[in-house]
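Input: structures, listed below.
Both complexes shown next keep chain A, but they swap its partner, so chain B is in the first and chain C is in the second.
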Partner chain A sequence: MRALTVTTALAAHLLPSFANAQSAEAPPSWTTTDAVGGAPSRGSWGVHAWGGWHSFGARGYGAITDRLAIAGGFESVLAIRWRPFVALNVRFVDTARFRLSGEPSFGWLLQRGEFTKLGPSAELRLRMALKFGRVVPFVTLATQLTTLADRTVIDSANGSRTEWSFRHELAFIGDLGLAIAITRAFGLEVGAGYPWYDAPNGVPLPRFFLGIHVGAAR
Partner chain B sequence: MNARFTRALSALVSVACAACINSDRRLYEVDLMGEIVAPANTVGATTVELHHAETFGRGALAHPLGLIERVSAPAPGALRHTLLYPTDLGSGLVVYAWVDLNGDGQLCRPGTPPEPAGLAVVQGFPAHALSYRVELTSSCVGPEALFPR
Partner chain C sequence: MKGSGSRPRGRAQGIVALCSLATLWISSCFGAPLRGVEYDGTRVPVVDMHLHPGEWEDLPDRTQQFVGSRLPSPINLDPGPAAQGSISPEGILSEMDRGGVSQSVLFAVYAPRTVGITTNERILSDMSRSPQRFFGLASLRVDRWQTDQEQELARLRDALSRPGMIGIKLAHAHMHFRFDDPRYYPIYQLASDLQKPIYLHTGTSPFIGTSQERPYTDPAYFEAAIQQFPNAKFILGHLGYDFGRQQHDALETCVRLARSYPNVFLEPSALGSRGSDPTGRNLRAAMRAMKDAGLVDRIIYGSDGPQSPGFVRDYLQRTVAAMRAEGYTLDEARAVLSRNFARVFAVPEASL
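== the complex of A and B ==
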């Protein structure tokens, strides 16, 4: 009952703002909000680096319009699984209290070790952030699809022929964290996540991380 | 300029291909003509197993046998089969066969009559066309009891 009350109050607080997504009342942006919630305003840029157990990464972005930014970076798990990527960040909602952006990205999976995995990888990421002054709780949800190609060369009496087959690796990633803007251009974050690589076969392991945001928000 | 561009593009495509091959298997196609020779009046489904002669390890530490494929035939006799032999998992070629006299799908289950089995090392491998002959002169033995001799 209490949860329902809290949810209703939160919705009542946020929903009127949704209708006015480009509200003129929105306060000046912070680099921290841009880094964790995405959707920076035109001319904004920043670098977001994070690390902990079991993964780390870095991401740079620059806004080319008020709704669109380009981004690029990498993510790594235990320095065994690497995924460099380029992305587009699209603003869906930006109000005084809430920000939601989508980030389709294209990358390349490079996993070495016992289970080598190499191949192109597409990801769709949703970034959500609440804005309480300098404090920015955030949630990130992502799904990732990687195509893995296998080659078989058959030597027969008539010569060699090559056959290709393809497998797919699916991953789901969810992160929850709290970011704090130290200044407009600099912030820190702490968070935890539950990435599930190679779903449904792989074993999901929780992760914990600290992050830093540096940039310029317009 | 065009030649330089073509070379650069070829190099880029080569690097991209090398960075996207996960499993790279090499198979050697062998057309096998076999003859399974069983004692007179032996009737029953025949199971033929094709093995590497050696798999892991080298020299005295080499592990004998390694199943590649299992083939079924309605009865002993001539059998033609095309084998795709994984060259990177072992060496040599061995054929093992047994006849399921009572149709229970198992070799010599306790309380059932003995069933004939035999093994042959395929001579001349590697070659794309080979023949072999397996004489089922043993009873109730698996391939590991017959190889190495």
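== the complex of A and C ==
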């Protein structure tokens, strides 16, 4: 996770001239663009909530520089699998028509129900958005690695002993959607995605969602 | 003239074809499901001799995890409701309809340390939901054999006296007793006396807690019992497949036993599933080996479903594809899919 954060931050610092040059040409931002494409300008903030079948979530963010924002929120699948997280959002590219940002995050997987899973989780997410006035098509791609700890308590004639073992769960997530800015501070989105949890096991089903964005873009 | 005449005729044919397709689609949506599978242009009835009903809550944790892993994400996060939908009698009938299966056999299971328990009483209850389409195989507990043998045999005899209970299901590897252990021969004697075929799980198993050693999985260890009970019919399930390594292990032994003894039959279930044989090569090899050995009249079709939604249909399609690839004739396909079952279990042949 730390490696991911450092790598993403370094990438942002290695591309400052490009990012700054392009942002100079960019028109005033919409909250919708910030919400789905990431990389809000300094002083911008917002809340992004989305839901549908089979997932829902919310994410809040606030920009601390023109290229760096902090974010936090949660995602849930069927209200069984939860992942609260904190993230760093880093601007890579921002032109009049295109925005690309990277978002390493650190979270905690809590899966209740019959097959409980608990453990720290790191994710790297890329957010891409096109800007056609109020209409913002977007794509997000993410990969997630979770370490799961299993505790086994063995009761025997000699007493109890506890054994720990560790597993890893890999996930790949891709979302495609269309966002529309109703005002500079408010927008809506519709999208579909293909989250593959516990890859490469099982066959994933797609997800469909609607979302809203509220905030202030600078 | 010719050209102008053929255009309306072609249009009319197109309309007729569209209407036929629409009728087929509407009847498949609202009418009775189409039974059987098409083979060489003829619809052939199908009996699936290997299905597992049950209660989700009765499955051991590890079996629940195994079943859950077969479901798509995120349904597998809460697999109970989805799995229960498949393993209830209504769910199984629905899966049979999806595959075109006319009749099926529901298995009782007493393997508390591996795959769990599905009682004879449960099977009888499920069978009563559709007596025309369900048969049952009864079973018994062997984990307290030293003390409960007589009681268990009496219970098995009672279950076998019920209408529709046409045979016995045993899984030595799941139930932890050796193929060559003579202490369990009274079970085979009972089968012989009552003329009820015995289905045997052969080969390894993906379930944790299974006895994977050869005396529990290799049907060669069962040869002495086959010899000793020539009037009992033994069905070698899974053809001794190694589910761990996803390859044949005792196929040759199964074929040899069937060629050597007229009371041995073969059932190629589960080994050809997408999970156990992704390319379908192993199922084709099995169908080819049995055909080449002249044993088509000994093969009884089974899937080992329902496992997950669509599995019953998928396994049937894979088996039919394997038979086509290996040159099974229509009569041979009919024998495998329903006729051999009727002969071995002495029940009327299934209809479409």
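As a convention for this text, the second predicted complex is superposed on the first by the 186 of 218 C-alpha atoms of A that agree within 3 Å, B and C clash if a C-alpha of one lies under 4 Å from a C-alpha of the other, contacts with A are read in each partner's own complex, and residues count from 1 in each chain.
Quick note on the criterion: contacts are C-beta pairs under 8 Å (C-beta built on N, C-alpha and C of every residue); 3 or more make two chains touch, one makes a residue touch a chain.
What you see is a predicted model, and the numbers here were worked out from it, not measured in a lab.
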Original post:
Of the two partner chains, chain B (first) and chain C (second), which one does A:Trp196 touch, if any: first, second, both, or neither?
Top reply: second
**OP:** Figure out whether A:Gly60 sits in contact with chain B (first) or chain C (second), or with both, or with neither.
**Re:** neither
Original post:
Of the partners chain B and chain C, which touch A:Pro120 in the superposed model: first, second, both, neither?
Top reply: first
Original post:
Regarding the shared-chain residue A:Ala157, is it in contact with chain B (first), chain C (second), both, or neither?
Top reply: first
Original post:
Which of the two partners, first being chain B and second being chain C, lies in contact with A:Leu148: first, second, both, or neither?
Top reply: first
Original post:
Counting only touches as set out at the top, which of chain B and chain C does A:Gly102 meet: first, second, both, neither?
Top reply: neither
Subject >> Contacts of A:Ile80 with chain B and chain C, given as first, second, both or neither >> reply: second
Original post:
Can A:Gly174 be said to touch chain B (first), chain C (second), both, or neither?
Top reply: neither
Original post:
Intersection of chain A residues contacting chain B with those contacting chain C?
Top reply: none
**OP:** Would you mind writing out the residues of chain B in touch with chain A in their complex?
**Re:** 19-29, 31, 84, 87, 128-129
Original post:
Within the complex, which stretch of chain A touches chain C?
Top reply: 54-55, 77-78, 80-81, 111, 113-115, 195-198, 201-205
Subject >> Contact footprint of chain A on chain C as seen in their complex >> reply: 64-65, 68-80
**OP:** Spell out the part of chain A that touches chain B in their complex, as residue ranges.
**Re:** 108, 110, 116-120, 148-157, 167
